[in-house]
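There are two complexes below, and they share chain A, which is joined by chain B in the first and by chain C in the second.
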Partner chain A sequence: MLAPNRVILVLGAIALLLFCSLDFGTIQPNRIVEGTPYGALDALEWGGFALVTLLLAVTLVAAVLALPGRYWAILVSVVLLLMALPWLFSGFLEDQLGERYPYGRGGFAAGFWSLLFLLALMLVEGLRQVGASAWLRLTAGVLVLLSWWRALEVEALAGLSLVMEFQTRPDQFQQALLDHLALTLGAVMVSLLLAVPLVLVMIRRVRWQRPVFALVSFLQTIPSLALFGLLIAPLSYLSANLPLLQQLGIRGIGWAPAMIALVAYSLLPMVRNLFVALTEVPADLLEAAEGMGMNRRQVFLRVQLPLALPVVIEGVRMTTIQATGLTAVAALVGAGGFGTFIFQGLGQAAMDLVLLGALPTVALALAADTLFTALARLSARLNGATAQPSLIYE
Partner chain B sequence: MIELTNVSRRFGEVTAVDRISLTVETGETCVLVGSSGCGKSTTLRMINRLLPHSAGDIRVDGQDIREVDLQQLRLNMGYAIQGTGLFPHWTVARNIALVPQLQGWERARVEARVTELLDMLGLSPAEYADKYPAQLSGGQAQRVGVARALAADPNILLMDEPFGALDAITRENLQNEMLRIQRRLRKTTVFVTHDIDEALRLADRIAVMDQGRILQHDTPDAILRQPASAFVESLVGSQDRGLKLAALQSVAEVMQRHPQPRQAVPEKVSVGAQDSLRQALSVMLWQQLSELPVVDDQGLELGVLTRERLWRETA
Partner chain C sequence: MMRHWLTPALWLLVLVAGCLGLPALEPWLQPLVDGRQAVIYPRDSFVTLLLNHLQLVAISAAAATLVALGGGIAVTRPWGRDFLPMASQLASIGQTVPPVAVLALAVPVMGFGDGPTFVALALYGLLPILRNTLAGLQGIDPAVREAATGMGMSSSQVLLRVELPLAGRVILAGIRTSVTINIATAAIGSTIGAQTLGDPVIAGLVNGNTAYVLQGAVLIGLLAVTVDSLFEALEQQWLKRTPGLSG
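== the complex of A and B ==
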């Protein structure tokens, strides 16, 4: 009765194919010179190559064979592979750099990235197939992260150019992280604070709905680069003429235009979700609450808001993810954040510096996604378990 | 007591309720019955000011409702609606406790009251107090809805088709429950329904409404015997009016009472004292009998019901 799992089969086959055919890593004698590519067999030699191929083969066989417990075999193989990758790469760096290139550095190549990406997808599918609990998911993630963390800690990846880029600017990295978080969370908070009164007015006065939606949708259509740039001139003018603004640190460049633009973009998802969340609470419930003797404030705080909360959190989640990405662009107007590395890297044609900015941005977005999804589930559970499942998971 | 005098409600050009006057005496159950759109729900919702009335006077215990504090007015009126209106994010206990809490009762008193009400409506407190509405069946949820309306012991009960969404058997159980509670508590009740049988069953007085007007306001007996218009006649049905009338009276009211209760003969077909004449008639038809012994709960024979007597009473 167990059919072959096509998803794992296809992913595993592609992974094996790309691993064998694409370059696994590159070696640069120094930061500027273009690197030499190494195929998987050259990079890992027979031992490492055999290990990867073997574990991938296990997943393929398990995907085809209709055996009970096969997903556990797949899960174990995939997690082992993900844990082994930094150490395999460490071996490659040691072999190729060594004494030969004292200033040399290694980088991940297409084969490595493909393998990483496809393994992650296989992990997700495997966890889904065994109906993994939150704890199992967490354990799998922690195991992989621990292995990578350990590799970094013992400087097994010291020769990796990404790591070298980081090590030349740890303070800058920390500052970028703080700036990025402050801009993103600030924009989300401000847009939430603006969206609440807007939506409350829209619910009470129907004729406000169209103009408000039109305005926030229009803001969304302005290209982000243009909006950041367009704000420079008026803000410079205001700052030059109003000493108070100057004292607050509001100038044509820096955090001020970035924050304004980020808030403008965050308004649409925030307003739309808040509006839907609050208007989807059944009207007869609100009327029952009123008829029972609650005043308007009590109806809102005790009935409408709690029932709307899962969808509200969903809106905050979407807005945060969007703002995390946009904040990277805000570096163009001097607002700081991980975008700084991206644009520096682009300017210096140093792709690993670009990665140093891009990877943490992606990580932040994923972290926000996980956090708010968990919060939405929690609030849905507090709303009486099975009460409103349709509101959260379509 | 609730008094409506020349009350109207207009929605723009449409007049939903047109100069109606209606008095509900203290302790009386008044059922507003009519087809959908006749203005019965609108009338009910004007009494607790969910809808303000456009013209006329509404007085509760002599006081104009527009002069009473809105929240106070509503807190003194139990309110139950179709589809229960229970808050899905609150447990059964918290739903019932709502109005007492809004009135600032002490915690212990609220808890005792919730337990008392769950018991009264036949839901075991230990089992149901901490459940969420989604975990209840339709009938159980509606019982909780009724309990919530009764929670703060209001003088007035407003019920807007509370049993409308239930299946026939559950609805009949809840109607019986309602009659039992009403015999005990005697709340001044306004009950809205489109089901004439439910109205005949529960009402002290029925107000038949059509197109925003009250066509007839009278006891169930009078509505059946002397329908004021063709509409009322068609509502109560011309064919089975006799059966509906028979359903209104209990056997105990009509039987010939024995001087002394005596031991009933166990195997003999009989009818209960609290059964309706309609049930007695059905038994007579089915068993081809011209008289039935009437027994009480303890198995004592109180009297007999003869066919002639039944004929005379339902004429």
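== the complex of A and C ==
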């Protein structure tokens, strides 16, 4: 006999409660005036309200009833709800904006965000319970994203303030994306290039290990704002006195301090994981390889490197996620990227602009996480070994 | 014997000296600014900023520790184990979200000031502590737990006398990570109206006053290093008290 799933039950009940009690969306007559909140029933009218409550009720019933296919019922309802949300919101925008507020705009409110968050948690739990394969997970994610993408494509969400903020500055958005990616990936690559020789030296010379680890941990301790700030004065001085640096665009403000700081922060995860990856290969394996007549180079390329690769990729994953967030902070020293929108928005108290910077930053970090986790699994599977990310946590 | 407390004490001394003594460095900082600008950040004293910064971090760390520890213990008990996979996934996926984004997203919900900064710090600070609490408690050999139960300990005695001391070092490391991140995030909290040592840096960046930036940056750096060395000393102390439990 199957027991009720308490996790889905609790999540579903909270989702239902918050959906019914919190504001679902807000309507602003224009960019400046404060928005009017709408509860779920007012926003979605009976049709949409009934649809959401019904699908949530299905998950609750399925969570309690001990029927064999219940997790599929839960998964289907949750995915359907996640797919329906943009279209439901689109209906709300059409009803409320319409001819009444030609310059009006709508925004998601707490109820919408809570629903989105809880549904995502229910999706994760449901996928886990059915023992979903990578393909099923991917399918669920793609279905939801396609629905949202379609809603944006046919301009069903044109009245959404976030979309409107984007549409007034598509070029700036693209530039921010490029700057953000360039800084983040640049820092990751430079730190990888620096970490490889550093770790190779550390492996050969044991007495280097402690000071190098001490240095990179110390750098990691310095708060980002402080490190960016500390770089400004010396860089301005150097730039003012060395024309060559000036020609290269290296100044106290801009990409130069950002890049230096990002590389400094990236060194710890990169060096630590590379070091673990290269030193934790079992010694008997290496001896066996040498016994088979491989030379040192062959042992490194054919045994050590493939075995180390999953752990190295895990290091690249952690570094990329960290650098994505720090690049957003680097906008404060004029480095560009999505942080520009965040801090501009905070300065103008324009919350939609803040969202336009913060949400893509989160999306980039999540995308990097997904990509590198998949790559690490793939490389581990190619080895026939299982990935051991637990090795890396301190 | 108490030698590991020497380093944090020295850093603390430098930090306090910095807060009180920076204004005296005015002549040396003068070349960094135009003649018309003030050299020393005038709006608040560095001591006020330091204390407010510390207060924000300390209260949010205390709240985060309480909730994360409670949550971590709850989901590792038999009655809460259903929620364990979700808690650990939440802890790992949540840490993917950059702290600055959490800070920024707190503003549309809660407005400007110390309040949203505090909530963002506490929420984000939860995650490393939760992750390490789970790792620490799950890393305990089940045989140890069984042995303790076999000795006649009640489940709460097992938790307090066996599990928490064994997991303590890992949990402490989680709190250290959390506090390190939060000192940095609280500094950025200046952009959403929290009063911290980030204020001089932000004001300096806005007005193009490198001297302000330098003063704020040095003090934030010193604060971070002081607190980190304090945790290092705590860890040493922990190791000394529980010599057999270092695994």
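Here, the second predicted complex is superposed on the first by the 377 of 394 C-alpha atoms of A that agree within 3 Å, B and C clash if a C-alpha of one lies under 4 Å from a C-alpha of the other, contacts with A are read in each partner's own complex, and residues count from 1 in each chain.
Here, a residue touches a chain if its C-beta (ideal position, glycine included) is under 8 Å from a C-beta of that chain, and two chains touch if they have at least 3 such contacts.
Since we're looking at a predicted model, the values are computed, not measured.
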{"item": "Touching partner for A:E125 - first (chain B), second (chain C), both, neither", "value": "second"}
{"item": "Touching partner for A:D95 - first (chain B), second (chain C), both, neither", "value": "neither"}
{"item": "Partner chain in contact with A:V303 - chain B first, chain C second, else both or neither", "value": "first"}
{"item": "Partner chain in contact with A:N383 - chain B first, chain C second, else both or neither", "value": "first"}
{"item": "Partner chain(s) touched by A:A328 [first = chain B, second = chain C, both, neither]", "value": "second"}
{"item": "Broader residue contact with chain A after superposition on the shared chain, chain B or chain C", "value": "C"}
{"item": "Partner chain(s) touched by A:D42 [first = chain B, second = chain C, both, neither]", "value": "neither"}
{"item": "Contact residues common to both interfaces of chain A (with chain B and with chain C)", "value": "none"}
{"item": "In the complex with chain A, residue positions of chain C that touch it", "value": "32, 82-83, 85-86, 89-90, 93, 96-101, 104-105, 107-109, 112, 131, 135, 173, 180, 183-184, 187-188, 191-192, 198, 201-202, 204-205, 210, 213-214, 216-218, 220-221, 224-225, 228"}
{"item": "Chain B-facing residues of chain A, complex", "value": "284-285, 287-295, 298, 303, 306-307, 382-388"}
{"item": "Partner chain C, residues of chain A touching it in the complex", "value": "5-7, 10, 110, 121, 124-125, 128, 218, 220-230, 232-233, 236, 252, 321, 324-326, 328-329, 332-333, 339, 342-343, 345-346, 349, 351, 354-355, 357-359, 361-362, 365-366, 369, 393-394"}
{"item": "Chain A contact footprint on chain B (complex, rising order)", "value": "45, 48, 50, 71, 74-75, 79, 81, 83, 85, 87-91, 98-99, 102, 132-135, 148, 158"}
